[in-house]
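Going in written order, the chains are labelled A, B, C, D, E and F, and every chain counts its residues from 1.
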Amino acid sequence: MSKKVVTFGEIMLRLSPPGYQRIVQAQQFDVNYGGGEANVAISLANYGLDSYYVTRLPNHEIGQAAVNALRRFGVKTDYILRGGDRIGIYFLEIGASQRASKVIYDRSNSAIAQITPEMIDWETVFTNAAWFHFTGITPALSDSAAQTCLKAVKVAKENNLTVSCDLNYRKKLWSPDKANRVMTELMDFVDIAIGNEEDAEKVFGIKAPGVDVTTGELNPDAYQPVAEELVNRFKFQKVAITLRQSISASDNIWSGVFYDGKQFYTSRRYNIHIVDRVGGGDAFAAGLIYALLDNRDPQEVLDFAVAASCLKHTLPGDFNHVSVREIEVLLSGNVSGRVQR
Amino acid sequence: MSKKVVTFGEIMLRLSPPGYQRIVQAQQFDVNYGGGEANVAISLANYGLDSYYVTRLPNHEIGQAAVNALRRFGVKTDYILRGGDRIGIYFLEIGASQRASKVIYDRSNSAIAQITPEMIDWETVFTNAAWFHFTGITPALSDSAAQTCLKAVKVAKENNLTVSCDLNYRKKLWSPDKANRVMTELMDFVDIAIGNEEDAEKVFGIKAPGVDVTTGELNPDAYQPVAEELVNRFKFQKVAITLRQSISASDNIWSGVFYDGKQFYTSRRYNIHIVDRVGGGDAFAAGLIYALLDNRDPQEVLDFAVAASCLKHTLPGDFNHVSVREIEVLLSGNVSGRVQR
Amino acid sequence: MSKKVVTFGEIMLRLSPPGYQRIVQAQQFDVNYGGGEANVAISLANYGLDSYYVTRLPNHEIGQAAVNALRRFGVKTDYILRGGDRIGIYFLEIGASQRASKVIYDRSNSAIAQITPEMIDWETVFTNAAWFHFTGITPALSDSAAQTCLKAVKVAKENNLTVSCDLNYRKKLWSPDKANRVMTELMDFVDIAIGNEEDAEKVFGIKAPGVDVTTGELNPDAYQPVAEELVNRFKFQKVAITLRQSISASDNIWSGVFYDGKQFYTSRRYNIHIVDRVGGGDAFAAGLIYALLDNRDPQEVLDFAVAASCLKHTLPGDFNHVSVREIEVLLSGNVSGRVQR
Amino acid sequence: MSKKVVTFGEIMLRLSPPGYQRIVQAQQFDVNYGGGEANVAISLANYGLDSYYVTRLPNHEIGQAAVNALRRFGVKTDYILRGGDRIGIYFLEIGASQRASKVIYDRSNSAIAQITPEMIDWETVFTNAAWFHFTGITPALSDSAAQTCLKAVKVAKENNLTVSCDLNYRKKLWSPDKANRVMTELMDFVDIAIGNEEDAEKVFGIKAPGVDVTTGELNPDAYQPVAEELVNRFKFQKVAITLRQSISASDNIWSGVFYDGKQFYTSRRYNIHIVDRVGGGDAFAAGLIYALLDNRDPQEVLDFAVAASCLKHTLPGDFNHVSVREIEVLLSGNVSGRVQR
Amino acid sequence: MSKKVVTFGEIMLRLSPPGYQRIVQAQQFDVNYGGGEANVAISLANYGLDSYYVTRLPNHEIGQAAVNALRRFGVKTDYILRGGDRIGIYFLEIGASQRASKVIYDRSNSAIAQITPEMIDWETVFTNAAWFHFTGITPALSDSAAQTCLKAVKVAKENNLTVSCDLNYRKKLWSPDKANRVMTELMDFVDIAIGNEEDAEKVFGIKAPGVDVTTGELNPDAYQPVAEELVNRFKFQKVAITLRQSISASDNIWSGVFYDGKQFYTSRRYNIHIVDRVGGGDAFAAGLIYALLDNRDPQEVLDFAVAASCLKHTLPGDFNHVSVREIEVLLSGNVSGRVQR
Amino acid sequence: MSKKVVTFGEIMLRLSPPGYQRIVQAQQFDVNYGGGEANVAISLANYGLDSYYVTRLPNHEIGQAAVNALRRFGVKTDYILRGGDRIGIYFLEIGASQRASKVIYDRSNSAIAQITPEMIDWETVFTNAAWFHFTGITPALSDSAAQTCLKAVKVAKENNLTVSCDLNYRKKLWSPDKANRVMTELMDFVDIAIGNEEDAEKVFGIKAPGVDVTTGELNPDAYQPVAEELVNRFKFQKVAITLRQSISASDNIWSGVFYDGKQFYTSRRYNIHIVDRVGGGDAFAAGLIYALLDNRDPQEVLDFAVAASCLKHTLPGDFNHVSVREIEVLLSGNVSGRVQR
């Protein structure tokens, strides 16, 4: 299977102190590159799809290093624009036990935030493409980024691509009100909506009844009305939601639910001892896209996405360096971590 | 709140192999500086207090690096003496699972062990100060250090400072007999006593009934008679005791108890997946001092101290790099480690 | 106790990405040297035995570094041959949580695989020796290695050494059929057989009734008939089997069983939070050999072996850097990881 | 000597690949903090002066880490403002041989660039101060930074401080024209001007006759008319100029000239094998300020400044971690690098 | 300019101890991937050409990491075959001063050594291609690799590609006799020959009169008869030779000569302080190919190639991460390593 | 050649900041073990001699790691005593260019300093030994260490060993007066004296006429009267002196002279670009001992010693990891650092 999939968004330079240090302790930063849609693109390339990532990056060495990070793992960078002054940066402290991970964004005025709709020829980008994916981060970057996003989804639909959106609400980028307004307009062109246990509430005010996210316990069934309401309100074909129960920063219970407009599916739950949870949601989205493109059954689609994202948590960095085969080993029930030798 | 607090003791060069290596495997050592009272001073500086640390350090680059480690995180080093030949050193192997952490001390003849009472002008040091804190390690360093300590607490009381002492028994430094004799004399000048689940027994022979520390299970209520006996014997105003249940070197259950002379309080218990447990007790003492200076209720005092020290376990090094705000997030019940972004 | 023990096999260069990285992410590899019998030799040297390791290594710097790794930790390398073109290499990705560790072997045509029986003067090697140990890996390396192995065990028995063999089936080296044929011939000269929960089945078709290794749960009693059948078929004096229940790549439950031809013993079970599980079985074998040479009771022999190998899981690298005293602290029931200071 | 000296400017997060890697190769960045005036402040603290640094930094962990870097090495940070969104960042590739070091700035919209004149109470800052130092970088950051700078120098002169300015032309921040206009206004309040071999030409169009900087050879005497013209035009008391002959990125010849309004002095020349040349000019400025405050003779002032900055080139990072005593050892003619032991 | 260029050969895993350590000291290896033709391909991609690299790599993670290293820096890997058991490995000790760098090869039986002519469809590979480049290493790997090479050059010439060959004699791979025989047959299809100061002598017995390579001094003019003889004997269009004068492992003088069949050109000489000299010759070859494809004048072609390879020596790893623009800055005479900021 | 050689002295834990950092900058220390006589023992083991090192080390992990460092590189540790409280430590800042390396000793009260003469059975140690070597550091450690040393040389001479002594004056350990008194007594039993350009003057007041060590220039011939005077005064058979001209901390000129009681020999001079100069003198001593035991001609003895120590300067750590063959390649005139491949 080598269908062409396009994702669009911001890839950032990620700087994190090694070994559970806090920033005030660090004398070195681990260097990674990542961002919601870029992370999805990496996964899809790993799964053998023809994966294109569209963004705008400054024409200097850091911009080039971001391009290289994508190329290195097989993502096609042909449509990446070069220009602007800076790449977005985020500083990440990896949490442990009762200490949460901490993110400091320094992404204002990034090259992609300053993109304007006319910069990208979406007709060309979408030639022969089957799928377009973006997240709620991209329209949150700036008004012009939101307009560019809107143009993208319109052209995508005109060209009969499937469009998926991970709601991915970021309170440091915009208010719920603005998110609601901008995202609502975009949702008209979205076929498949993805979110975490909070996104629907934060962006669209659709709350899972009886759920208190901060207390940890998450009842999957509480998300059936959320999914139904999303489908009703926006005419989505399908809705998928990840459920993260945070025992602590070191241990999470991870699962997901999926509604295909007809039936509601819940996944198995994974008790994960975490290496790096950033990109977990993106790995879920990518697993979902792959499994849907592979025409799997709804339960299998959900299980694949959850298993793929479970494995992401065991890897440092934003990217999910696992293959379809490795996910299927986990799906087959082998969670024992036995070494093959 | 910027009350002046003074702590006095030994800061050591800490050398530890990275990544769970044993010393015989190591080709590099991580370099930290730490010691009971210095660790308390760092926490207090982080909480916004006017935090002074008093010690004696050799007049060479390693001594300077210890001063710098304190300055870096906001501790005032104006009263630190420079002289003597060497800084105390401790080698630390970080344990994991069934393998305990291991400490090798090389602290004999350190500059602070060779301190003599006349070297420090405590009147000056305590000018405008509200609190003096030391631990049982300082008088254990040498007879002249014990005498210096005795002089310090006397002057502190003459100047109406609150005096707190963390018993901190170190069997590698002195015998229970000597500890009992020296500490008993010092306790006359102490208002607030702090200890762990073993200290009262080791130093003063006051045992928690029915408790066997090596088996792991710790009953908080068993420490009420210990606290009462301490108050009765030494006229302490308050007594606080940390309770560490060691499931393994990787996982501990952490809590504390507090007796204000009237009532006995117990804290919530934290299941901690440990990054570095050294300095956990010091973080508790610092939390206690801060919360008392902040005039919190007894239960809040205890809870703040336990939460502060819980977070310490998630950080490499002796120092507790957390803010009042971060502790309060944990106190508010958010143990989920959710990332804010 | 300084009895002479000889082990024989392949030591490899082990290359592993640091910090849970996958190979495709790595810009550095941690360098270790290890291999089944070499790991046993290291343990035995740590326990104070006169531990000799026999192998063949190329006459270049990497070969020398392997010799040095053995010498560094007290193994006698006098009988190591130098020659051949290359040292075997294995690449190791350390797994975490649901992601299993992964091993890539690059060991074909190693110096030891090209050994021929006449190269080693076993009479000299076994002078004054009490014990010879090898694993099922050595005869699997090549036909000439198998022949050399056969000659070794024959000379060992002629010289009245106790011979132990860890079955250690490696499916990447040979088929069950070939393993069965070659190993059966060698078993005539073996006194003590060691294996993991799968080896007897893989090599000799002796299955533990009702056990499904991949599901995690392991019933120790199911291995009594396995041990009895092994003794019946091959006239072993004793059989020991390790039982690893893999909760995940991060957490295992570890135990063992022991059959001395008369009685069947089971050990306590350790819940291990894993640092590095490679060499766990070798640490068990070495513990068994030491405790038998020390004439301990059967239950004590098993308990020592299991405790020794439990500790191995907490150390990076193949080698088990622990002393008899440290094992006995664990055996005494102290699993709490309390720091002595 | 503990005179109070104040410097004002931007401190940045410096990120550099380790070991001569280029940015596109790097998986880790070394983390340092530095900036022209901050570097001067560090040197002055090392020399025992009462060294204050004024800037504005965001109220997050990276901002705090910058404060901590200053405190760690003895700089007083009492007047540092906290606010704004971001800290300036610069990426540095350390060059070697024919490959020049490369700097990528990402400093727009930093907290200090957004400073406005009313934010700082210069009267308070300059209380009891003897000296104020800034560089041409600070007014280049933004118009409001330039205005703040202008206010600072005015208040400084009103309070009878000596004012020094390192011209430090940065073509990536402003044009020669704008630099000329803004700097000319500031020069009215400057007593001591410092520059490198190009600054006077770039900012004020005052060229050393017969000198071609790019060819390497620099004739010290050619800078006498430059110094005289500067003094004539701006009424400076003194002018100092550093002369860097770049044999390559690895080897430079370093010297300086000094004009005290009466006589022209040249220094000895140091053949430097470079570890890190960033901050070399700042180390010169700091040496000059110290030696002038110490009332040394003009030739000694120049020699001290050149020797101090020579040593800077042998240290990684922006800061010059050397003492007056170490500089004087070099001044005494001992360039042999003999180890004392 | 985006002409398609194809190179063919072996890319190896390169393992080198960090920081001038010898292998026997190392606890970590720096991981790079490199090989003569791969290094050329990387340079050409950096220069904006459509650069394809052909090889065969095992279908496991190390093989994938080699592919990724190429993709990361823009080389097209579409024609890389996956199969075989292992990737070639070389261990590299970086020398210093009087200690030479040391290479240990472990490349026997690599996937590419086991290639057979029918595995590659050269017609497809060469579609629309302008240039084919290989080195004397590829035919030295095995007889079947030599046959595959022969087929490649034949098809290349049939398709009117320019064919260049870097003689690159490796005495650890074959004897001069065999090299002479195999290379002579290949030379029939080669247009442009490249070599170092020894290759023509080692492979074809063509010695530069009066030159003793081991003494360091190299007279460029002595290579004119060598170039002429090569052209006479093999009908090359052009011949280029690099001249390395090794002052020590840390300092080399680097230059080159070029003969276009009509005239003999010599380059300027660079005194290089070396970071990593591996890949220097490949950087020269790539510079030559680029400049010839860019239709530069002969002197410019040589100068470009020498400047490009000069810069390679300042970078760790096999690859030359420099742009055309950076080379041209050096060509313009700027060797001073001044920082632009 | 496998003659038994015994050396005796102190091995220390060496802690050095990586990458030219100063101690005040370091967050990690590189860990090495070294000391004058231990360094000699390592070299001799590398040269194939039966090399024994005698010392006293504490019975903890750091002591064990020092033993392991010796074993790793082939030194026999059978006679090393375990006991005492601590191992000597030295902190090393690696200098560069005009900044000298800096050593901070923390070696008081080390296990070896507290040795007493009766602890070592020298008769057993010297059984079948050919040579005994010590340095002037050992008797400087303490009076009892000096007495132990005196006993050692007496027993050595009684057993007809050749005794060599490297004067190795350490002003941080004792005064010239005390050194003179103690060393003079020891010299009665010494056959071969070794020193650097300053030792004879510092210890015995024998100055090279017209030499000023601090100015760099060293005239070899000036050391002929020094050598003759040493032989006259102490009846040495032979005297060897190393001559280090320090251009800077990065570049030295290294050579030596040798007087065999009849003739005076001077060596070639090496311009060394330094990686780590510690242990250079020890490498010279070891080369001398080896070449004398190998019965080489006087000029060859000197040349071998100088070449061996030249190579030491290119390696990190105290130990000289080079083989006889590698030294002979350098002796043969190949200083070019050409890579063999």
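The rule is simple: a contact is a pair of C-beta atoms (placed from the backbone, for glycine too) under 8 Å apart; a residue touches a chain by one contact, two chains touch by 3 or more.
Remember, predicted model here, so these are calculated numbers, not experimental data.
Counting C-beta pairs in contact across B-C and across B-D shows that the higher total falls to B-C.
Ranked by separation of Cα centres from subunit A, the top chain is F.
Note on chain placement: the centre of subunit A and the centre of subunit D lie 45 Å apart, centres being C-alpha means.
Centre-to-centre spacing of subunit C and subunit F amounts to 42 Å, using the average Cα coordinate of each chain.
In subunit C, the residues that reach two or more other chains under the touch definition are 18-19, 22, 24, 27, 68, 73, 102. Only residues 15, 18, 22-24, 26-31, 60-62, 64-65, 68, 85-86, 89, 91, 93, 102, 104, 106, 108-109 of subunit D touch subunit A when the two sit together in their complex. By the touch criterion given at the top, residues 19-22, 24-25, 95-103, 105, 170-172, 213-216, 246-251, 277-278 of subunit C touch subunit A in their complex. Of all residues in subunit B, only 68-69, 71-74 touch subunit D in the complex they form. Residue ranges on subunit C touching subunit B, taken from their complex, read 18-19, 73, 270-275, 310-311, 313-317, 321-322, 326, 330, 333-341.
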